[in-house]
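The structure appears right after this line, and notes come after that.
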Amino acid sequence: MKQLIPVVLAAALYAAHPLFTGDSYLLRILIIVHIFAVLAASLDIIVGYTGQLTAGHTAVFGWGAFATAWLILWFNTPPEAAVLAGGLVGALLGFGVGILCLRFKYLLLTLVTFALLVLSYALARQFHEITGGELGLHGILPISKSAVANFYITFGFMLVSVSLLFLLGRSRVGLYMKAVKEDEAAAETVGIDAVKYKVLANVVGSTFAGLAGGFFTTYMTSVGASIFFLDYLLRLILMWGIGGGGTIIGPVVGAYVVTLLAEYLRFIEEYRLILLGVVLMVFIRFMPSGIYGTLVKLLQPRRVFSAGG
Amino acid sequence: MSRLQVDMVSKRFGGITAVDRLCLEAGRNEIVGIIGPNGSGKTTLLNLINGLIKPDSGKILLGDKPIHTLKPHQIAAMGVGRTFQIAKIFRELTVMENMLATVNKNNSSQTNLYKKAADLLELTGLAHKAREKAGTLSGGQQKLLEFARALILEPTTMLMDEPFAGVHPTVVSKLLEIIARMKSEGKTFLIVSHDINTITSISDKIVVMSEGKKIAEGMPEEIMADREVARLYLGF
Amino acid sequence: MVLPELVDSLLLGSIFAAAGISLSLYYSATGIFNFSHGALIMLGGYLTYSAFTQLGLPLPLAVLVSVVVLGVGNTLFYRCLLHPIRHHHIPSTILTLALLLVLERLASVIYGPWGLPFPTFLPGTIEAGGIPISIQKIGVSVMTLSAIGLLWVVMNKTWTGLGVRATIDNMAAAASSGINPELMMMLGVFLSSVVTALTGVSIASTLFLSPILMSQMNMVAIAVSILAGLGSLWGILPSAFILALSDVFGATYVGGWFRFVNLAVAIIIVLLLRPQGIFGVKERVV
């Protein structure tokens, strides 16, 4: 527990710093990091815990964003409520994907969700009357116009979401999910309802993805078909893989590392994503626990009941 | 009423009939040994009973409840435990986590479950490995872990596939010790094994399978004297 | 007159087939579905372009250089990075996705994100039924179909091909018969890469070179493979032509956006209704 003290101190400093530094370039980046951290952590509960490699997470993110945008622009919904609606859309889509997961496993699941992502993009581009097509919809009301306020709003979102996901991961439910990932037949043989837990993981993960989409669009005040670009999915996977899957916290670390590195490597321009891609390849091949997972292994003795690794 | 009843169960895979109108009964305090050459459908039979595959025809009853339409986890919750020819453990989870990643049918508290798991690990001699990843255990230890994990469900019926295969004699005697005790407590065992000596010495009844059919059933001594069985196994 | 559309379908079909068959061979040989396949195809085109423009090599030699570089490079990549983790679905898939990202970015950085024109090496047209048909299109179709034909010959008429096919069929049995499965898998990757590179040259000569086409070719290869059925090599041919026909006629009569959508829709429909595709074999678990 003592090791947590510096972490808590750092977190407190982090939380307090905008009060001193005010709006800044870094602040605006951190707001995006908060949102993507939730997206990465929620992906983890699906991929890292139940072992379902869906390529549809960013599609849920996108549709959550669009739902929020539509409610604000056409139904005059207050932004806060619209964001929550994004989460609801996420939950529904998650349920749908969950049903898909029962039919398709492993590769076929990845393929069908990949196709759905591409289809989402095509639909968004085609029906540009309602999605704004490539140019997108603009003028979406933010929850707050102040950057500092947005920092705290998204920071709070991240804290709550990641905590909930973390607790879920550490619970008995999380253990069952990991068992399903390890060996579905064996899990069933010891009484674990694989269907229930796969669907649950999808619904929970997608709800947070939908909420993240809502927060994203209200902060950016715009959304377009580009949200379904493969690019977002690849970056999300970068965060997940470099941070370390199966730990909830790992992908959060990954979100920070990838985003901040990408920003501060601007001096090598376009090469930064290439570098990160190569780093991911090296990690996946040689250090699959990622940054966080490897740190945990080095610093902490093995605990008996942990959902880590 | 017998505890487990397999009634005219058949299963085909493509053009091959893996199990052909098989009938079998097993009761309380009973160990049924299932023997037969490779490909006779023994493993398929166990898979049918614990729900991993569905029969094309026939019924399977646990007590008076049909279970052949249920999903594996439901059957497990009803008290059927299963071990596999190659131990199906959760490799990346620790030994203790393997024990805890099982359905909690009685809604016991966390502490109770933990204690039960610890006791079973103690019983099977794996307590010192509790914090190790299951994948690091030796083959024999993995089989013991799989067995212990099945036991935490407090099964009334245990389906075991080649539990003695490729396992050190000390592990075999430990398994036998536990099986004997459980049998006296009223449990039912269905054990598939090639180890003729062991299986005939512990079984109350032997069932011989060949090409998906039951070709003989009876007391171990009868079976060993049976000329059909001898021909099948020994070639004369 | 549908002749232009039919010629286009022939050309497109041959490219679709080459894209699909190389992906399918890779998958059958290794059990890994390579999500960077579209990028590798374009890489074949880019390498040829560089060899042609920067090294000043004559086109056939440039193509050869591209084939060798891609073949060796991809095989090494497979052996060092993918082969050891091939049993783990999630890490291996992520690795191929990472490669997609890296290749796409590299191409953007080195060659630019816009389209590069590829030299027309068979200029002119011939008349058929009063309609001009570009010789280049016919030439590329012939080249691509020849590549596929050559693959057939290697796979079915050589000892190497036999070894690869045996390994694909039953690795344990092949190994027990003295065949080195690892070597066979690498050979499978190499053969696949040869066709991949040639596909890149074909698409470059037909359209242009661009990082954007990476995703498109990816979708093409994936759609063709799924329609044929994962694990089916020669079922790719009819499937490719079916998709090519639907693409050409759809684009002409329905609209430009049809292109991308029809592939995604085809994938989803096939997976929902008949996951094993038309000729499919069950999902390969290595």
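As written, the chains take the letters A, B and C, and residue 1 is the first residue of each chain.
The rule is simple: contacts are C-beta pairs under 8 Å (C-beta built on N, C-alpha and C of every residue); 3 or more make two chains touch, one makes a residue touch a chain.
Please read these numbers as outputs of a predicted model, since none were measured by experiment.
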{"item": "Per Cα centroids, the chain farthest from subunit B", "value": "C"}
{"item": "By count of C-beta pairs in contact, the leading pair of chains", "value": "A-C"}
{"item": "Identity of the most central chain, Cα criterion", "value": "A"}
{"item": "Distance from the mean Cα position of subunit C to that of subunit A, given in whole angstrom", "value": "32"}
{"item": "CA centroid of subunit B to CA centroid of subunit C, Å", "value": "48"}
{"item": "Centroid spacing, where centroids are CA-atom means, of subunit A and subunit B in whole angstrom", "value": "42"}
{"item": "Parts of subunit A lying in touch with subunit C, wherever the complex brings them together", "value": "47, 51, 53, 103-104, 106-108, 110-112, 114-116, 118-119, 121-123, 125-126, 230, 233-234, 237-238, 241, 245, 269-271, 273-274, 277-278, 280-281, 284-285, 288"}
{"item": "For the subunit A and subunit B complex, residues of the former touching the latter", "value": "172, 175-176, 178-179, 182-183, 185-195, 302-306, 309"}
{"item": "Of all residues in subunit B, those that touch subunit A in their complex", "value": "50-52, 71-74, 76-77, 82, 84, 88-94, 96-97, 100-105, 114, 130-133, 149-150, 153"}
{"item": "Partner subunit A, residues of subunit C touching it in the complex", "value": "33, 35, 81, 84-85, 89-91, 93-95, 97-102, 105-106, 108-109, 215, 219, 222, 226, 230, 257, 260-261, 263-265, 267-268, 271-272, 275, 283"}
